[in-house]
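Let me begin by handing over the structure; questions about it come next.
Naming follows writing order (A, B, C and D), and every chain is counted from residue 1.
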Amino acid sequence: MITVGVIGAGRIGQLHIDNLALLPSVKIKSVADVYIDNIYDWAQQRDIVNITNNPMAIIQDPEIDAILICSPTTTHMELIKAAARAKKHIFCEKPITFSTTSTQEALTVVKEQGVKLQVGFNRRFDTNFRTIRNQIANGVIGTAHTLRITSRDPHPPPIEYVKTSGGLFMDMMIHDFDMARYVMQSDVVEVHAKGAVLIDEKIGEVGDVDTAIVLLTFANGSIGTIENSRQAVYGYDQRLEVFGELGALVVENNRPSNITHFSTEGVITDKPYHFFLERYRQAYIDEMKEFAAAIINNTDIVCTGNDGLQAERIAEAAKKSMQIGRPVSIS
Amino acid sequence: MITVGVIGAGRIGQLHIDNLALLPSVKIKSVADVYIDNIYDWAQQRDIVNITNNPMAIIQDPEIDAILICSPTTTHMELIKAAARAKKHIFCEKPITFSTTSTQEALTVVKEQGVKLQVGFNRRFDTNFRTIRNQIANGVIGTAHTLRITSRDPHPPPIEYVKTSGGLFMDMMIHDFDMARYVMQSDVVEVHAKGAVLIDEKIGEVGDVDTAIVLLTFANGSIGTIENSRQAVYGYDQRLEVFGELGALVVENNRPSNITHFSTEGVITDKPYHFFLERYRQAYIDEMKEFAAAIINNTDIVCTGNDGLQAERIAEAAKKSMQIGRPVSIS
Amino acid sequence: MITVGVIGAGRIGQLHIDNLALLPSVKIKSVADVYIDNIYDWAQQRDIVNITNNPMAIIQDPEIDAILICSPTTTHMELIKAAARAKKHIFCEKPITFSTTSTQEALTVVKEQGVKLQVGFNRRFDTNFRTIRNQIANGVIGTAHTLRITSRDPHPPPIEYVKTSGGLFMDMMIHDFDMARYVMQSDVVEVHAKGAVLIDEKIGEVGDVDTAIVLLTFANGSIGTIENSRQAVYGYDQRLEVFGELGALVVENNRPSNITHFSTEGVITDKPYHFFLERYRQAYIDEMKEFAAAIINNTDIVCTGNDGLQAERIAEAAKKSMQIGRPVSIS
Amino acid sequence: MITVGVIGAGRIGQLHIDNLALLPSVKIKSVADVYIDNIYDWAQQRDIVNITNNPMAIIQDPEIDAILICSPTTTHMELIKAAARAKKHIFCEKPITFSTTSTQEALTVVKEQGVKLQVGFNRRFDTNFRTIRNQIANGVIGTAHTLRITSRDPHPPPIEYVKTSGGLFMDMMIHDFDMARYVMQSDVVEVHAKGAVLIDEKIGEVGDVDTAIVLLTFANGSIGTIENSRQAVYGYDQRLEVFGELGALVVENNRPSNITHFSTEGVITDKPYHFFLERYRQAYIDEMKEFAAAIINNTDIVCTGNDGLQAERIAEAAKKSMQIGRPVSIS
């Protein structure tokens, strides 16, 4: 049995709280949010006894074993350091910080304090992606030669969010950078990024792109691409292909139903799930389940602080590559 | 908030208990089973305070609002009557009884006492089948002309079970008879059944069949077929097609993953889920959720005692048709 | 090299002529049709030297090795007998005649004269169906247990055609009766047919049905169904499934392209080919190729007069079964 | 009616000859090949009257309207110039030459002489790709944002061929460069190529790569990737996706049959066609049909000399990009 406190109760914080509530081995004692009035009723309905706008009140609570950090990215570094120093295990949403320097600073403290840190790469807990990784590890397609990740959102975030998001590579493609390392089981050594503003000019005006393709080179010699778009009108498009010596493995989209409609307009099946909350519903549950289990059983974390750091390094290199118009090496 | 007691804690009773435990509005107070020693530890871990081998102790408990009857079919009639007379709402596994006469006797008492009775046709709660029913009701394919249900188990039950199962039509195809009425939204008026022993001679020796096709005529003039097999080596095969004036709707199998493997052997996707517990995992959860909600909100039951009775009438007619080698009318 | 004459140059006769023209080993010398004016130009463009309204002029031409009979079914018996007596090999469109008695009379003459007779069951030459038959013969699914054939036309024929068509079982489902024997490699011993008028009342007024399901029992103990509809608004629906001891084999529809369209309306693929001319384009070519090859190399015919007769026997029994409302045995 | 001569009767030359033979409007009068002994019998069986080892004998024949150039790439420039000066229309296999300078020299003569030149980009004649291009032109997905082409051979060519092939970009990916321009209907302005030797070290030893990904930027602002592999063990993999404002269009592989096999090993469908001769069988026929029609009707050529030149320019840029490790602009 572990006792947990959650810092930041926006959409993703609330999602994690509801998923933790399904676990008999977890008690959610406290939640902190700057907008305490907004969440008061919500938290009370969930029997959370301690509702505060002061994160340190949670971090310093001796009854609490683990902290979930779901507040804005700019707050992550200080909260991680404080939580680690208070000997709390930590779950932190992605990215850890907006700069690899800050992330390294936070990770150093985590390491010194010997606490566990899990980063919120929820897709690692999806059955499809986990299975494909295991199949590759088991040699089902022999040596991997190429990777292709397609990852498209149904619509762009509000422009206010875009401004402070860290940019497409750090905010959105970071999931795919982690997935690339996860399925290929090799680090990325070079990245070449190409971005474009094709969906909404306002995204360009605030210095970001809405469409991008990144060409990756892996340490093991394989190569691959990631494509991101901020707007696929047909829903949340999450596909992946690894091609190798003995064949190829492809993850297709999950869909709400397995109904096929033969009509005068064609043969129609469901669109993909509309967005990440539906598509990764079970993955988010399993992410919390495995975080709790790793603490209770003192076992390894599925996605570590270093995984977070490596994804951020690729994101930084991609952003730089796009700016200078050339490939960038990652040492 | 309702308080529930469960009679019969075999595989399906335990499944329902675990699913009820996910509902904040349900308290499971008691469980009865003839093999009380087998379930004692299991039930205690679930904080069930009252573990008994006497069903009547549960039925007569004034704190209990609803009873789940998951004991063998031969016990259903007496338990339903007793529970109804004690003013408990009832969930009863399929079939209600092995004879429509007994079922009618039980339903008469249920009606007199004014309690709710839900029959365990779990497939009605599956997203695919519910969606297709709604699409048909909404006229997506206009008037329905034909129905096809394919329903195959991964392997036959033990021969001891077959002996007391009521036969393939009452034990297995009864789900499909209910599904036929559910999606076609019309009663069955004639049935012609053909059975065969193609998988295991022992099934024939105890007077049953392991393979069957039934040709159905509906009150609304449409026609259809149901095919059952006790053994599909590739897993639990659950498909359905309704064809009509404006097109066709097909439910394909659900599969554990959406991975496609391009190999020298062909292009391979997952087999269907292996059996009903995996295939209908969410449907079983929703079945309990809606049973509880119908009691709490005093709303209609999704599958009523009459639905149970009608499916049994078709099963009886199918058995008779197979025996006499001719179609049998259902008035 | 063989020389061929064609009797009946309607849609199907013209199709065969164009397909024969692709074969370097075949010379089409003559064509006969009652509407000679309609086809004169058409035939001349194809370098057919002899255009006549007298079939006997073709049958008695000593240069001609083989006759294609593509005239109305009512003319088949006399033409077959005459052609056989003139020692011509014969290709005859399905059905051979509208009565098994007449067909047997024609086949007796064919046998006496020792000529080859191929019946126009074009689907036997389709790659999908031929492959599935071979896979079953090779034991890919072990013993076959059940068969399902779905066969739907895009729209009903003109009511004038329906009147003289011989009825749905003899005109349309006869292809499926032959396919059933072809893939199951066993004769049909019992048939139970259910028909309905759901598409066009006029079809009912002339004594026919537009929708039908037939339940078949095979000599080898397996069972199956065939479903026919005269109108599938999405095109020509031609599917088949054989289920057995070691798995199942399913033929899905062929489609004009392999394009998938992800849209706001769903994920859309092509409808099936619109009708038999497109769907079985290559099968019709191969049907002629193999007919010519069987004559030139004196090898066995793929679908014989007996295959035609057996399909007609099933069609007759199906019609009778529908009329009397009971299964009918085929000795 | 046109009269044609063919220079080069290797695999592809023979294929074109057999396809031309299907066209009633084309007479093949002459064929030239350096290995005249090898093709003598083959050509005689096809009623080709003039079999020579001297291409100029064909080019200077006043009866001949059009020349097919299917000889090695190194011979193309001189043959094109000679044929154009003899006022013959020309079909030339891809690439036109190994250098854009030589290609331009040849095209200048073609232009001066006013003859038609069609380049052998057979995939433009494939139904799938042609349909998707038309759908994009018709606005089915609005503005195109990204392109992805997957193109994999079943096995590498002999190493002797690789040596003189011009390299993967000029020999293999040139088809995809043309396809990129064809479906996106926009020129490529920048290319960044990454290559690897992952299949056969010998390919690296002769200075080539066997695996490559190219990132393309189009004049209209869209971006895309092409992936090539010399060895996909499951067959010839030819897929394409265009994603845009209103959705996505995907071309999946064509397969020999539409059979699905439900087995204990999974649900298995056919591998793609094994190689280009099967996959593009109909496209090769239509390529010849449209070449002949363009001459007879004096209409536009589907893939012109300029299309050939542009694909070569991209291939040259890709090779340079791979060598210098940076994107290369195409003015």
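Going forward, contacts are C-beta pairs under 8 Å (C-beta built on N, C-alpha and C of every residue); 3 or more make two chains touch, one makes a residue touch a chain.
The UniProt protein names, listed by chain, are A, B, C, D = Inositol 2-dehydrogenase.
These figures come from a predicted structure and were not determined experimentally.
**Q** Chains shared as neighbours by subunit C (Inositol 2-dehydrogenase) and subunit D (Inositol 2-dehydrogenase)?
**A** Under the touch definition, subunit C (Inositol 2-dehydrogenase) and subunit D (Inositol 2-dehydrogenase) have A, B as mutual neighbours.
**Q** Check A-B against B-C and say which one is joined by more contacting C-beta pairs.
**A** B-C
**Q** How big is the gap, in whole Å, between where the Cα atoms of subunit A (Inositol 2-dehydrogenase) centre and where those of subunit C (Inositol 2-dehydrogenase) centre?
**A** 58
**Q** Per the centroid of Cα atoms for each chain, what is the distance between subunit B (Inositol 2-dehydrogenase) and subunit C (Inositol 2-dehydrogenase), given in Å?
**A** 42
**Q** Could you grab the centroid distance between subunit A (Inositol 2-dehydrogenase) and subunit B (Inositol 2-dehydrogenase)? Build each centroid from C-alpha atoms only and quote it in angstrom.
**A** About 40 Å, centre to centre.
**Q** Identify all positions of subunit A (Inositol 2-dehydrogenase) at which a residue touches two or more other chains, and write them in rising order.
**A** 232-234, 237, 246-248, 261-264
**Q** Within their complex, state which residues of subunit D (Inositol 2-dehydrogenase) touch subunit A (Inositol 2-dehydrogenase).
**A** So the residues of subunit D (Inositol 2-dehydrogenase) touching subunit A (Inositol 2-dehydrogenase) come out as 143, 145-146, 148, 150, 152, 192, 194, 196, 198-199, 211, 213, 215, 217, 221-225, 227, 229, 232-234, 237, 243, 245-248, 325-327.
**Q** Please name which positions on subunit C (Inositol 2-dehydrogenase) make contact with subunit D (Inositol 2-dehydrogenase) in the complex.
**A** Subunit C (Inositol 2-dehydrogenase) residues touching subunit D (Inositol 2-dehydrogenase): 22, 127-128, 131-132, 135, 140, 246-254, 256-264.
**Q** Taking the complex as given, what residues does subunit A (Inositol 2-dehydrogenase) use to touch subunit C (Inositol 2-dehydrogenase)?
**A** Going through subunit A (Inositol 2-dehydrogenase), the ones touching subunit C (Inositol 2-dehydrogenase) are 232-234, 237, 255, 261-272.
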